[in-house]
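Structures for review follow.
Below, subunit A partners subunit B and then partners subunit C, in two separate complexes.
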Partner chain A sequence: MRIDKTHRGWAIATALLILLATLIYVFAISRHVSGAFGGTWAGLLFGTAGLALIIFHNLLSLRKKFPTWRIGRSQTWMRAHLWLGILLIPLVLYHASFTLGGGISKVAFWLTAAVIFSGILGAALQHVLPRLMTQRVPFETIYDQIDRVQAQLLKEADELIGGVESEAAKNGLLLFKNEGSGATAVADPEVAAPFAELRNIYQGRIRPFLQKRGDYGNPLYQRRNAKGVFFRLRKLVPAEVHEVLDDLENICEEKRDLDRQSRMHRALHAWLLVHVPLSYALLALVVIHAVIALRYM
Partner chain B sequence: MANQELVSLTIDGREITVPAGTTVFDAARLNGISIPTLCHQQNETPVAVCRLCVVDTGMRAFAAACIRPVEAGLKVTTQSEKIEAARSTIIELLMADHPTPCVRQQHSADCELEGFAKQFGVLDSRYPKREKARPQDDSSLSIFVDHSACILCDRCIRACGEVRHNDVIARQNKGYEASIAFDVNESMGGSSCVSCGECMVSCPTGALTNKHVVVGQHLDRGVSVEVQELLALPVFKGVSGTFLELNRGAVVKRSFKKGEIIFREGEFGSTAYYILEGKVDIFIASPRGHVNTEQEHGGWMNRLKNKLVPRAQHQREGENLRQSYISIDAPVDLAYDNPIAELVPGDLFGEMTCMSFYPRSATVRAAEDCVVLEMLRNVLDVLQKNKNFRAQLDQKYRERALSTHLRSVPIFSSLTPAFIDRLRTRVHLDRFAPGEIIFRQGDAADAFYLVRLGFVKVTEEYPGGELVLAYLSKGGYFGEIGLLGGGVRTATCTALDHVEVVRIGAEDFTQMLQEFPEIDASLRKASSQRQQENQHRFQQVNSVPIDQFLTQGLMEAQSLLVLDLDRCTRCDQCVKACADSHGGVTRLIRDGLQFDRFLIATSCRQCRDPLCMVGCPVGAIRRKGSLEVIIEDWCVGCGACVKGCPYGNINLQEFPVMANPDFSGTPMKANVVHKATSCNLCHDFPEPSCVYACPHDAAIRVSPNKFFSEMLLQERPDES
Partner chain C sequence: MVRRTRSAKRLGTRHDLNYFKHWTAARKWRLAVSVSLPVVLVAWFLTGLGRGDSSGFTPGPMSHSHAFIGKKCESCHAFKVEGIALMKFRKKVTDEACLECHQAPAHKSNQAFTPGCSSCHSEHTASQDLRHVASGNCTQCHAAGVPHFQPVTGFPSKHPEFRPLQDSFRDPGTVALNHTVHLKPIQGPAGMVQLECADCHRTPVDASAGWRFASATTSPAVPKDSPSGLMLPVNYERNCAACHQLQFDSRFSASAPHQEPAAVRKFILTTYREYITANPNELRNKRNVLRLIPAANADPALRTPEQFVATQSRDAEQLLWRKTCKECHQIDFSQSEQRQGLPRVLPAQITTKWLAHASFDHAPHAALSCVSCHVKTQTSVETSEVLVPSIKTCAACHKDSVQLEGRAENGCFECHQYHDWSQRKPFVGKKSISQLAR
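Take a look at the complex of A and B:
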């Protein structure tokens, strides 16, 4: 979610709540003489509020699961999740009175930190990456369709190269034997050699790049290297083939876009793989912590 | 003959005696001497335009044997080196302006010109070819015209005029530009040609060929009917036997037992049926109801479900409860409450499917043992141009269908039987070929029209373009604005396909308004509403950059789903919410046109040119007053609108129902029906689900005006 001036109300409310919590904590700590702070009325208040917030934050998953339930707009839930998530930091700190405790408390503390940190990271990524993706991926497609689009690009490239070969063959430049691995020039070597080289580069570099998602090791993955490859090819083959090379270069550019989109999409959503399971774990742990604390201590 | 004067002459050294007035050509032919010719046929008046039949009569110049009458003592030579040279030159000149091989030569190898060219050894002409080929005309359903292959022999002109008395074909232009033409240079399909086939039989080259040769088509079911048997049927009275001979197999006789289904609604087909014996039932089996998104049991925790509900139970904004008849592709309309009717011998049904390949609009079942003729488009086309057949169909329409047709239009539901009786004899039943203009904007308004068959496109011109105001199908009407207003047409109406209309003259229209004030009031109200809608469209056109609107097809959108890509995390919650709202089938795709950082997602945008509305066989998809698309209860689920929408914004949804689908008295049974749906903006809720479910504040619904004039011009928040 992008944080902009429409969040001002939430920011002020959160700041006021933090101030209130701080005042309560200062008041409580001034009256506290010894022992664990979590067991005091103020500690319990912070703990209860924290637990309620953790439950609320976990409910966001449920909200997303049932997007049509008329239980408040999703973006309101999201804003609450974001800002009340920040409120969790002072509540946990005040509940524990800035001590780590031991056993479950300690684990819960670090889990909370991890969840909050991953959440902040996610918020930062969501703030930055969508715009980057819009700017850097002009041929963006639906993420689930990337494999299909990539297959289409490969088909187009194969057809382009096939077209060059058949055109050359028609003009009497019998270029290649297609059997076996690689290509062998069978016409006048001087005429056929550039075409054989084009085919070799296509089979050896361009085609694998178009075939494989990512293919980070391929020189074509970098635009600068790709420009070099195509510059060399243009020098090699007759001018009539340059138009085909332009098309091929555009196809590679589009494939790079798809790779970039894929990469950014993963970055945009990968943090959830950490944030969500840790949140569930945290919820389970704080419930156990609350039961133990209230029942046995 | 006994009293006729006889003349003796010599042809190639043979003494010949023939009646006076005989041509040299006929005299030679009667005595077994063959003279080559291209322009002359025995059953046509000779015109001597090809000059191939030249013979030497001892005069200064050669004479054309086909028009040269015999004279006593005339000595004729038909074969000599000089004559051969002259003929050879003529053929070579003709071959220079003739595609080799022409269509006829390719298919049946009997192009007369190319036969002679081969015989004279001039297949490759020395003369330069025409730089730009003359055009072809594929508009007729039966005959293919290739002007390039025409040698202007005039055989077709005489066949059409002298033999058939149709007088459709003539010559136009002169010299190098000369060609044959139909009526006043219409396309053959758009002309008054009745496709008798006489011209095509007469043509010596591939200029006029039977489409059976070009694209072979025949029916592979039913019993093929002999030409003589067909000609004996009253329905085929006046149809050319030549045509039927050439289109053997394009019409078959089929017998159906009582209860047998002839075709089902929604099926695609290419034939029409004419009932010879027995009766058939025609009905819509799909239950009447529209798709509505609602919560199953109420309450905010329940999922939304799609349900099929009739309009009596759930009325949508813009729903017309007064429409009590459903228009179908038959000479009858079906009542909304009980959509079944009976067709009798002499009725034709399935015309729209046959002529324009639209899906079947209703199911037809034999009510008793019956015999029908099933025919392809080329035969139906000829029948429709046949005056006898047309008169018969029109008479039936006036007697049986005009009343329900008028009443199927809610505005006219109050017309009295007496007034309809008066209209019966006074209305004109007009037909228009695809692309033909019914009237133009600016013409004088002299009639009111009801669409009887096909689709009419209504357009209005504005500086810089043409705006499609509506597509009208059977049951639609037009022409009232001009009559009620200043007497001038405010829009152009064009036949989109094969269109038939009922034309009510201005005098009768005025009479109707005087006699029925409620119709007058309703028409004026509807007319004013149409004008307001059109005004609304023009305001949209004028208030934003027109190129963006027109090129992107967004102009008529009521509400665009815009995604701010700077905010959108591509989580697809909007798509999921849409699918969850509509029984698992999403009505939006997170892909589409992109303007700067905004993506206009693919969901129904109520297009400027609503192509989805063209082809609906029962007229179930239309625009409401608000321009939003509404799909009526009688949608038969054929999918024509799904195919018609260029943006993939209409879906077919399945619904299990308990129904008695064939009105046959059999018990109710479980059945699956299909109904078309498109985005309805979740209008039962304060906010569309796609927007409601977006967690990132990226999705908004916005009017195109606001989007183009405000949002798109705003800079990014941190760039301002």
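Take a look at the complex of A and C:
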């Protein structure tokens, strides 16, 4: 979610709530005479508000599961999640009166810190990366479909190379025969050699690149190197094949975009692997903490 | 040549329209971790609880003194408050639970309210000593000022100066002592000596070590009820006798006893009687007129032993009352006629505990030289001067919480007691070892 001026209301409301919480804390701590703060009226107030917020934040995943439910717009939920998440920081600190406590309290405190930190990191990434992806990945597709699209790109490339060979056969020219992974020219070497080189480069570099997700070691992974490879191929093969090479180059370009998209998508969503599980763990612990605290208070 | 076509129709076939029904690896991972992590964490804590280890659920470590009952929550967390059963769910800490093991005399009979034990003594906090209560517990009443006490809201800046240093308070002691003279090289029993503070002032803990200027014949016992952290009162036999001998006649090496005038008179009479019995020729000797004794009679005729004893003892007493004793003590001659000519020595009134409502222990301060705190001692010439250090001296170290490096604790508990331990009663415990220990 992009944080822009439409968030101003939420930002102001959050700032006011933090100010209010701070005033309550300062007042309460000036009246507080000893010991743990969590069990005082103010400590309970902060603790209850914090627990309510944690429950609310965890409900976001439920909201996403049922997008058609009429319980507020998704955007509103996201904004509330983002800004009220920041409010959780002072509430937890004030509830604990800047101490760690022990056992569950300590673990819950560090979980809260990790969840909030990962959330802030995620918000920052989501603020920057989607725009960057739009700029740098023109052939962006649905992330979950990348493997499928990549397979189709490979199929298209195979068809293009196959087309070149069948076109030659149509003209009565057996260019080469396959021998293992390489190809040997059987026609006039002067005519067939460039095609054999094309075939070898395709089998040895282009096809593995299109087949494997990422393939960081392949020269085609870098755009500059890829240009060099295709420039050399163009010099080898007759001008009639140049259009096919253009198509192959475009397919490689599209594959590079998919790789780039994969990379950016992982950066954009990896934090969720920390944020979401820790949020559930935090919810479980704070509920236990609340029950135990109320029992023994 | 076959060319690549990017028609909308072809692009449309690229995607699986039901892709959202299939779970990606990332989504599966997220679900697995989201379920397993909370389960593992909760299981971890519950397993600890199952093993009887409740430390995972406590808000903080137990204090040192209660750590041994740390696994028996029910020792303090009871189901009843003042005999009334709580809801089964609640397990509140009650005063009754504390008083089963502890005695806690009230503070003052007229105190505004009696706080619950746990409102001052906070368990499960970082504090290792439950006696270290927050000053706010005290200042919630004392900030406004209570009868006979000035308002106190903190230490040192918001604490009144120690009472002995306020206004025109004077040392009530009647034994004359000039500290300045005694801290310079002075004539000792065998030449010049330099007195140390510890020659006269020591706590009971250090009293057993030899005293440099004690009496050669008697050594007074240390009173059993002496506060261990305070200086013993200065004592003649222990501190003064070696220099300030109570000789009354050059013919006798023995000094008069440092006792009441009647006992001194008895000692003198006995000494002279024994002397004249042993030395009858003394009756023919003239009196030593060189002895300048106030109010002495210049009567040289000593015909009988009785006359000798009477005259000699009278002169000796005058020497003692009007010179030797008077050097240190205040002597009252006003009613001597009714007291058979004996004066009254005013009580010494040596103050042992200067801060009546506070406790002080010299032991933790042993690293300091005496004069670094008792600064005025070096220039004190009058007995009536109070040499207790000012609150500013304490504040040089005791200016903040002990948690801060370079500062000593400044909480009220450091010097004051809430419970009036003079009200202590015999206490009979009710718990068995198995009820507490595990």
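What we mean here is this: the second predicted complex is superposed on the first by the 287 of 297 C-alpha atoms of A that agree within 3 Å, B and C clash if a C-alpha of one lies under 4 Å from a C-alpha of the other, contacts with A are read in each partner's own complex, and residues count from 1 in each chain.
In this section, contacts are C-beta pairs under 8 Å (C-beta built on N, C-alpha and C of every residue); 3 or more make two chains touch, one makes a residue touch a chain.
Only a predicted model underlies this, so the values are computations on that prediction, with no experimental measurement involved.
J.: Quick check on the superposition: with subunit A as the shared anchor, is it clash or fit for subunit B versus subunit C?
T.: fit
J.: Mind working out whether A:Gln152 is in touch with subunit B, subunit C, both or neither, as first, second, both or neither?
T.: After superposition on chain A, A:Gln152 lies in contact with subunit C alone.
J.: Quick check on the superposed pair: does A:Thr141 touch subunit B, subunit C, both, or neither? Answer first, second, both or neither.
T.: A:Thr141 sits against subunit B and subunit C alike.
J.: According to the stated criteria, A:His269 is in contact with first (subunit B), second (subunit C), both, or neither; which is it?
T.: both
J.: Which of the two, subunit B or subunit C, is in touch with more residues of subunit A?
T.: The partner making contact with more of subunit A's residues is C.
J.: Under the stated touch criterion, which partner chain does A:Gln222 make contact with: subunit B (first), subunit C (second), both, or neither?
T.: neither
J.: Looking at A:Thr48, would you say it contacts subunit B, subunit C, both, or neither? Reply first, second, both or neither.
T.: neither
J.: Once the shared chain is lined up, is A:Asn200 touching subunit B (first), subunit C (second), both, or neither of them?
T.: A:Asn200 contacts neither subunit B nor subunit C.
J.: Taking the C-alpha centre of subunit A as the vertex, compute the angle to the C-alpha centres of subunit B and subunit C, in steps of 10 degrees.
T.: 150
J.: For A:Arg295, is the partner it touches subunit B (first), subunit C (second), both, or none of the two (neither)?
T.: second
J.: Have a look at where A:Thr22 lands relative to subunit B and subunit C in the superposition and call it first, second, both or neither.
T.: neither
J.: Could you say whether A:Glu243 touches subunit B, subunit C, both of them, or neither, answering first, second, both or neither?
T.: Second partner only, subunit C.
J.: Rounded to whole Å, what minimum CA distance do you find between subunit B and subunit C in the overlaid structures?
T.: 8
J.: If I apply the document's touch criterion, which positions on subunit A are contacted by subunit B in one structure and by subunit C in the other?
T.: Shared contact residues on subunit A (touching subunit B in one complex, subunit C in the other): 141-143, 269.
J.: Please give the residue numbers of subunit A that touch subunit B in the complex, ascending.
T.: 1-2, 4-6, 64, 66-71, 73-75, 77-78, 126, 129-131, 133-134, 141-143, 265, 268-269
J.: Can you check the complex and tell me which residues of subunit B touch subunit A?
T.: Interface residues on subunit B, with respect to subunit A: 300-301, 303-304, 565-571, 573, 576-577, 580-581, 589-591, 597, 685, 687, 689, 692-698, 716-717.
J.: Can you tell me which positions in subunit A touch subunit C when the two form their complex?
T.: Residues 32-36, 38, 99, 101-105, 107, 141-145, 148-149, 152, 156, 159-160, 162-164, 166-167, 240-241, 243-244, 247, 250-251, 269, 272-273, 276-278, 280-281, 283-285, 288, 292-297.
J.: Okay, in this complex, where on subunit C does subunit A touch?
T.: 1-4, 14-16, 19-20, 22, 24, 26, 29-30, 33-38, 41-42, 45, 55-61, 73, 77, 89-93, 118-120, 122, 124-126, 133-134, 136-137, 139-140
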